[in-house]
Amino acid sequence: MSYKKYKFARAPHLRHSDKPSTMCADVLVALTPLCIFSAVYYGLRPVLLVLTGLGSAVLCETIGCLIMRRKPTVPDGSAAVTGAIIGLLVSPISPYWVPAAGAAFAILVVKMPMGGSGRNVFNPAAAGLSAVTLCFPGFFFRYPDPGTGLPLPLSNTVNVAVVPSPASQLASGGQTLYSPITLLLGGFPGPIGATAIIILIACALYLLIRRTISPHITLPYLAVCAALAYLFPRVTAGAAGSVMVELCSGYLLFCGIFILNDPVTAPRHWLGRIGYGVLAGVLVMLTRYFGRFEEGACFAVLLANAFATTLDRLGWYALNLRRIRRRRQS
Amino acid sequence: MSKLTKTGIKIPSLKQPADQRPVVDIPLPSRLFVPLIAGDGGACQLIANENETVQKCAVIATSGTANGFVYSPASGVLEGRQTVFHPLLGNVPCAIIKCAKTKADTRKKVPLASLSSEEIINLAFKKGIIDELDGQPLAKKLSACRKSKNPVLIADGSDSEPYSSSSWAVINQWGGLVYKGLKLAAIAAGTKNYKIGVTLDKNRFAGLLEKYRQAINPSVFIKADGKYPASYDLGNLKHLKKADICRLGVQACLALYEAVAFNRPQIDCVVTVTGDCVSNPRNVRAPFGTPVEHLLNFCGLSDPPEYVIIGDAMTGLAIQSPDIPIVPGITCLIAMKNRVQPPAHPCIGCGRCAAACHAKLLPYEIMRRLDNMQYERLDYLLPEECDGCGVCSYVCPSGLDVADKVLEARDSLGNIFMKWGVGDEL
Amino acid sequence: MDKTKDRPLSGTVGEVKTTFIDTLFTKNIVLVQAIGISPILAAGVTLKNGVVLTLCTAAVLIPASLFMSLLGERLPTWVRAPIYTVGAAAIMLAAAAFIDQIISHELYAALYVFLPLTAVNTLVSYRAGGFSMSQKPVIALTDAVVSSLGFGLVICIVSGLREIAAYGTLWEKPLNFSVVLSEAALPYAAFLLLGFMAAFLHWLNSVIDKRRGGPEI
């Protein structure tokens, strides 16, 4: 009566077709237009920088998996996304070893030792960027003028005139240099992937529709940044103008779309996500106002990551307190 | 604000072509294995002797209480009893009946005197009517319904799971009788609110209304959204939000009508036989105790299946031997060869399981705490509220068995919570 | 109350050896027990700083441990912590004056607040106040010496590496390195270094345990 003719499997016997690489593939697709946009202004160099970061991250992840004797987790795409993000946030005139070093630090020091893919506590892209910003501050926050129309040379070191970016101008106060239209269209100096504001918004909409990023993180984050910029303007363009410049300068918007929405390090419950977005917004603006560098978003993200799990749990407990009490009493 | 991004889970429908074919009665198998468990759940002893001829619908076992009877689903010879391991019932003693060919049985209609609700409930117990949605005795559900303030009885014909279409087939073929049974159930439960829930496209719904124009009041039908699970879907409809919903199976309503009108016990059920190994997927009516193998052979196997699942794709049990008998509660049988199981990857933290959970739990957190053996505050996450719908595992892109972990936490009955001390330490 | 003081002397040598290996290696005071990390982070930037901090810690810990082991149980509970803290502070005063006047004023300035903080370091309160009280004087003395040695090993490695990375010098003698990571002088680099060293020690311990065929109790 009890011979085994068929196999055993656990319910459900039907699965959604998404894989872990689906979300990372979406993000890479969204990052591509930013590369292309930067190539229009600066030539091939930004694309090579991004590819260097990407390649370095993938190589380090393979090495890390070999050391830890695990199956290679490169196919899930998260290393590629980390490397691409670091590559997109350096200056177009930085040497090639800067994004490579940042990506290596991100994977080999922050991601792999903390448990590897899916288990890291701190965002590797933000941590890698913070490390290279701290160690080699001379190569950061020096951006060339996009209006010259000349492609940048592909050699390792470049000697090109450096112009102040909106973020540095905010740090020093005074009048704004760029009109809102210029800011939206991306004709101002800044990191490779963070200047094309219109394209960033379009990418964000695409990722929102695909359910890869969560509006519960991005919208409160931007709202808090805008509110703080409105209340405490640093430039003489009026409160609304100040909001425009703050949100479009540096890599604040990029961070809110790509770095904060990293699924592994962000909270998973919607109320926890809102708290996380608010906290990150407050910290980013604080690092801008009082920090050492003109853009401190990467450090702020690391601080917010430390609170991610707590916010997640607190959010759910707050919503379900009555249910929990009822259960505990019965 | 969570409603903005929560659009519910719509599982692709795999019901064709079984839902377009009428229900057929299968020919009797050579042997039936009838579990000796009465309608109220009590174990029964055989009262017929071995090698005695039994008639269809005759009592073959009783538990000694006023309402505990087991009926024979077919005429034949009682060969004896045997303990069978059934995945749904455990080790259960079964009566083996060797079936004999009989002429079609005549059913005498009993005058439908107006019965009171206690009488209906007693009759439901006596005739062994079990609700196919959750395997509970129908009478127990109805008497529990009497105690709530504003109950709404819904005959759930929505077939929210992907493969099964047995409820639709029953409503399509015997809708008038289901309606009468539902009215009887409403009398038993002491309520005037009763509905039949369906999820159909416009054409089919119009066809159904047209077919039962005379018999059924069209306002009884309510259209659900077609989301899974049905308990969430029906409970989310606008005018039903505050009500206390009691979901009944349509086959149970039909059986209740037959019990009251013809004094007939529940001896068969409609099962959807489908899957990519079945050559003629369709709904069949099989007597209880039919081995699964017989159903599969009747519908034809084009390929030898690798998995046979009783129940539907989301919550079904994979059985390993083909001679498991059909018992009340089984409405779908899937024989499949290609079963997609994505390779397991560590949790990437997308949060889709929490967004999809209709009981508003945190499946990823329960899974994480179980894996890391952090049992101290696991009961705060309320795993007892899980009803096993399986949506969390379905949406997980990493291919993890999330639903299993939550059910493991739920079914441990608090034992693992107590494993690491009293539970109030930090 | 531990009655180890009443055991015969022959068992002491084994205990001494166990304490030695344990506190130095398998249960290293900084890397495994995570005691005494803060001076490493903030002041362990150059090798000279590291050596000086080690000597000061030893100077404070050894007398405190001996004292608590010999007399600790006879004192009432509420007076033990104040006594060894005040004693440690007194020794610290002498050591600070010694460093300031006799060794080097810049070194004293470079260490600023972390020199007196050694008196109230967790090392002192945990080992002297907690551990040594219930041990024989020999064990307490060994523990104090080895704790200081373990702490000293770690702080010297970390501060040596940080000095090479941040300033390109070692014991203030310049080396010819072209790459200078000036931010290695920040505490986060010390945290990372300590984390990797702790992981390395853990791996070494597990390899040795496997060779021995099981964990040593």
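As written, the chain order gives the labels A, B and C, with residue 1 at the start of each chain.
Simple rule for what comes next: a residue touches a chain if its C-beta (ideal position, glycine included) is under 8 Å from a C-beta of that chain, and two chains touch if they have at least 3 such contacts.
This structure is a prediction, so every number in the text was calculated from the model and none was measured.
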Pairwise touch network: line, ring, star, complete, or other: line
Chain whose Cα centroid lies at the greatest distance from that of subunit B: C
Chain nearest the overall C-alpha centroid of the shown protein atoms: A
Between subunit C and subunit A, distance of the C-alpha-averaged centres to the nearest whole Å: 40
Centre-of-Cα separation between subunit C and subunit B, whole angstrom: 68
Intercentroid distance (Cα basis), subunit B paired with subunit A, Å: 48
Where subunit C touches two or more other chains at once, by residue number: none
Interfacial residue positions of subunit B with respect to subunit A in the complex: 1-2, 4-5, 11, 82, 84-85, 162, 305-309, 311, 313-323, 334, 336, 339-342, 345-352, 354-355, 360, 362, 364-365, 379-382, 384-385, 390, 393-399, 401, 403-404
Contact footprint of subunit B on subunit A as seen in their complex: 1-16, 18-20, 22-23, 76, 78, 116-119, 211, 214-216, 263-270, 273-274, 312-313, 316-317, 319-320, 323-324, 327-328
Contacting residues of subunit A [partner subunit C, same complex]: 109, 113, 134-135
Complex interface listing, subunit C residues touching subunit A: 181-184, 186, 188, 192, 195-196, 199
